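In the two assemblies presented below, subunit A is common to both, partnered first by subunit B and then by subunit C.
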Partner chain A sequence: MKTQWKAWLYLLPAVAFLGVFMVYPLVDVLVYSFEEGYNFASQSYSGVGLFNYSYVLHDPYFLQAVKNTFLIVIITVPLSTGLALLISLGLSSIRKLRDLFQTVFFLPYVTNTLAVGLVFMILFKKTAYTDGMVNLLIQFFGGTGVDFIEGPYWAKMFVMCFYTIWVVMPFKILILTSALASVNQVYYNAARIDGTPRWRMFTRITLPMISPMIFYLVITGFIGAFKAYSDEVALFGTNLNAAGMNTIVGYVYDMLYGNSGGYPSFASAAALILFAIVFTITCINLLISRNNVQY
Partner chain B sequence: MKLVLDQLTKTFPNRNKKGPDVVAVNSFTFEIPDGTLVGLLGPSGCGKSTTLNLISGLERPTSGRILFGDEDVTELPPENRGVGLVFQNYALYPHLTVRQNILFPLQNLKGDARPSKEEMLRKADEAARLVQIDWLMDRKPSELSGGQQQRVAIARALVKMPRVLLLDEPLSNLDARLRLQTREEIRRIQRETGITTIFVTHDQEEAMSISDLIVVMSDGVVQQIGPPQSVYDHPDNLFVAKFLGTPPINVFTGEVKDGWLTLGEDRVLKLQGAPEGAVTVGVRPEGFRIDAEGPFRCGLKAVEVMGRDTSVVGTHPACQSETFRGIIPSEDRDGAAGDTVRFSLKPNKIHLFDPATEAVLRDWSVAP
Partner chain C sequence: MNETYAAIEKRAARSARIRKFLTYLLLVFWALLVLFPFYWMILTSVKSYGAYNTEYIPKFYTLSPTLQNYIEAFTAVSLGRYFWNTLLFTVVTTALMMAVIIPAAFAFSRLEFKGKNIVFALFLSLMMIPSELVIITNFVTITNWGLRNSYLGLILPSVTSVFYIYLLKENFEQIPDELYKAAKVDGTSDLKYLLRVVLPISRPTIVTVVILKVIECWNSYVWPRLITDDPFYFLVSNGIQEIRENGFGRENIPAMMAAVVVISVPLIVLFLIFRKKIMEGVSRGGTKG
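Moving on, here comes the complex of A and B:
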């Protein structure tokens, strides 16, 4: 009994901190999202109901943001995880170069988002002086250039996904190379003695052994991609609605502080919808991983 | 399958780049007849695992050749050698069930060698029955005891009917009782399958009890090869004599003077043909006989009754360690009382070694 009391005492700072900075705002957001006709200046509201949700769900900007977010999630999470796995496999098979390459691949991770954004500008943006390096390449091979930053939707989405993958890869590579290195060599030796083909070694030994890490990356990848916002700003500027590249978090931010800002109720409703989506997907992920991660 | 190792040598570069290379296995030459169970014996770090890895193909030899029957396999990768290897920590795939683990080697086979699905299952069941784990087929390795895991590892190594079966310290992770039982199992399985088997251990008793042949190694060099009893009775050098036998052999600093083997002040045995001069003397514990008139006069430290036998702990000035230990039948125990005790020594339990080279001296006999 006494030890339990002590345990709670030790937990108190963390619990208090979480309560003040996590639980209270969450509850507050929940309350806001149901208050209709909230007036920022007078801090008063006209009624309680689902109008905020209905408004947000019918707002074309929000629907565009949802579409963009889902596209980014569906394209970047599998691609970045798969690519990171390929690169990690390559890295672990060349022992000597591993350290050097790990540094190179990790550079984007320690570099400021906006700095990486600048690099992408140089690669993709059309200015008065140049069409951007990628367009120069396309033109060199006889294609016609595209304005990736202010051009068609698919081009912007391409740059957006490219950028997102670029930014999240280093972390994934780091995690996967260490996961690969932690697989006991003795399993590979046993498999070699038994004449296991390379591909089978990968699917039957390597993959199951690192599957907990892969699922970790997929789950955190989903959550991270759903929360995408700053990368979009780095590429397309702050007026994301105009660029047609807004995300759900971007929409929430705009509702609070943007040009059309001052609508905490709409922002709260949008945030809770995002929460519901992320929560559902994470639950599905966990269910799948429980049935597939093998130990 | 007859197995021939010819001048097999493996050196590893030193961790410290400037240091000399580590010679893990040095000119290992040995021909193992078909169907024998060989115990490879030696202290930790003497190159036993390296030898197995060379035979299995996981390591490539620095020089020398390996032949399975008449086929030179030195250059073959492990998958083409047809060996089964049981790793020291078993290396069972933790995410696969026992059945999937045992099936794994079969599923790797290609073309004509690949059995049908039913055939594979039948073979896996057969292997599991051989090691008596057929009732555990659907468990994961983490749900098995050490002894059961070990059997699964053996079944996995056996299921593809290897030409040579290699076991690296298969018993070291088991408790004492299970060890006794499992080593008999290994013997039985080897007999039933007739597969040439090499089994590594640092425990001399294990190797002695089940092997047809034992190979004693030290520092990468083979010290002696032969049937267990003959190696025990006729060690080639002091290392082998010390390494085999529990309790270990007692070592004395002695001298051959005027044809008498002399330990300290005591002239214990009249010899014929032994060179005069200093000599290292090994006496097996069972070589002591309590004898009130015996020539070997010792201090008596302790008498430990162990049932059928009694262990006598004594002191003697010529002894190289503080005490020596003799094993006598318990009915002779009455002779061991007081502060001193006298023994006579059984000549066939005495070994003489050159003090400089530690090689055994053979050309002597007891004078009539």
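Moving on, here comes the complex of A and C:
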């Protein structure tokens, strides 16, 4: 009995912190999302119902945020996964300079996204002094420059996706390179003896063997991209609504920044909607992967 | 058979060469894309303000590097302050987290108590909860406790991680039972066993967890932004955002880049020292991406 009591003592700090900062908030966020007209200063509310959800779903800023988030997800997840697969295949086929390349490719992971985002902004931005690096490059090849930071929507979306891919690549390259390294060489040797063409070796051996890792990356990629936020702030500044580049997570936080404590009810409703979307898509992903992962 | 064996071999050798060339082309291309922003920020940070603004077509080199921007970065805005805050935040948060999660992982891996499996399952289920859901209430909680704009408010919500408890527990379980039994026979207490036996054996995993947490702390932005509006408590991420929006009179890009370099250097140095450990750790427990 004494050891039991002691074991709980070891667990106590973790249980206390998780209780206060994870379990209680989880219940609380549900409560908030149904309390109508919640006032942060007086901590009172006028009624219970679905008003917060309907407010959020009719808010043009929220709809814009949903559109942006979905675009980011649909564009960056396939592109970054595919590119990472290509690069990892390249990496595992060379011997010279491999360590150097791996180190370089990993660098974006250990940098502060806010700080490097500023560099991207300067590269893409048009100012009074200069058209910016990227625009000069475009003009050099005969195109017309465009302000990627404060210009048309597609240009902003392009920088956004470009930067997102730049940021998420290290993790994907790392995972795929180690997955490729763990494929048993025996399969390749057998295929080579049979004179199997390269492309066939790739689709019949490599892809099936690393398919669990690809699905893992797609699932985490979806989840990560749905939560996009600080990359946007890095490029377009904190007022994302004005830039028209807000994301769902950004919308949630903007609801909290407001004066005198903001609107936790609207924030909660939006966060729960996000959770529902991510949860549904993750379940769909898992179902697809269960039917397709071959080992 | 029109082709000789030699011709076939020659063609195979050529296509292998082309493939190799294309592979290196792709790798070099991506490496340049990764490195260019870093090169650009260092280059811009040593250009003088005047020189930068007269270059309509930016130069790829500079003949008169200056450190003036770095001096500016530390004097015109409180970069030193942001730096110190981040250092303090990172060290204290990581230390506290280790103090919280190591005993918990030890209890799950070694100690026997009623309901252990149920409690552990509950812990695991918490891993699925996204931080966006709980951050709203945490914001309200910290505000109600009057801890906005304080170090405590910054630190408290991030001192536990279910995932790291799980990672450590898995690691602790690999330590052979015999060691524990031997220690018990010798009359060693659990705490002493944890400190003298478990921790030294599990050092590699503990170092990995510490490194991952340090990276996470150094880059954290969302929570600090919510909880602090007094620049005295800004971390570097918030500081850089503040600099972008108000500092240096907006147009002084070289000074801004100097600040960016100063903020980026510590983690890059850490990475170059612990390269193997960090990459191994991220592939086991990384989440960003």
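The definition used in the following text is that the second predicted complex is superposed on the first by the 271 of 295 C-alpha atoms of A that agree within 3 Å, B and C clash if a C-alpha of one lies under 4 Å from a C-alpha of the other, contacts with A are read in each partner's own complex, and residues count from 1 in each chain.
Keep in mind that, in the parts below, a residue touches a chain if its C-beta (ideal position, glycine included) is under 8 Å from a C-beta of that chain, and two chains touch if they have at least 3 such contacts.
Here the structure is a predicted model, which is why all the values come from computation and not from measurement.
In this superposed model built on subunit A, subunit B and subunit C occupy separate space and fit side by side. Using the contact criterion defined above for the overlaid structures, shared-chain residue A:218 touches neither subunit B nor subunit C, since it reaches no partner.
Rounded to the nearest 10, the angle made at the CA centre of subunit A by the CA centres of subunit B and subunit C in the overlaid structures is 80 degrees.
Within the superposed three-chain model, A:235 lies out of touch with both subunit B and subunit C [touch as defined at top]. In the superposed model, A:192 makes contact with subunit B only, not with subunit C. Of the two partner chains placed around the shared chain by superposition, neither subunit B nor subunit C is touched by A:160. In the overlay built on the shared chain, the residue A:113 is in contact with subunit C alone; subunit B does not reach it. In the superposition on chain A, A:208 contacts subunit B only, with no contact to subunit C. Touched residues of subunit A, counted separately for subunit B and subunit C, are more numerous for C. Legend: residue contacts after superposition of the two complexes on their common chain; A:10 is shown touching subunit C, with no touch to subunit B. Taking the two complexes aligned on chain A, the least Cα distance separating subunit B from subunit C is 8 Å. For the contact definition in use here, the subunit B contact set and the subunit C contact set of subunit A share no residue. Interface residues of subunit B facing subunit A in the complex, by the touch rule stated above, are 56-58, 77-80, 83-85, 87, 89, 91, 93-96, 104-105, 107-109, 140, 142, 156, 160. Every residue of subunit A that touches subunit B in the complex is listed here, in rising order: 184, 186-187, 189-197, 200, 204-205, 208-209, 294-295. Contact residues of subunit A toward subunit C in the complex are 3-4, 6-8, 10-11, 13-15, 17-18, 20-26, 28-29, 32, 40, 83, 86-87, 90-91, 93-94, 101-116, 118-120, 122-123, 127, 129-131, 133, 136, 166-172, 174-175, 178, 217, 220-221, 223-224, 227, 229-230, 233, 237-238, 249, 252-253, 256-257, 261, 264, 267-268, 271-272, 274-275, 278. Residue ranges of subunit C in contact with subunit A, taken from their complex: 20, 23-24, 26-27, 30-31, 33-35, 37-38, 40-41, 44, 52-53, 55-58, 99-101, 103-104, 106-108, 111-114, 116, 119, 123, 126, 129-130, 132-141, 143, 156-157, 159-160, 162, 165, 190, 215, 218-219, 221-222, 225-226, 236-237, 240-241, 244-245, 251, 253, 256-257, 259-260, 263-264, 267-268, 270-272, 275, 278-279, 282-283, 286-289.
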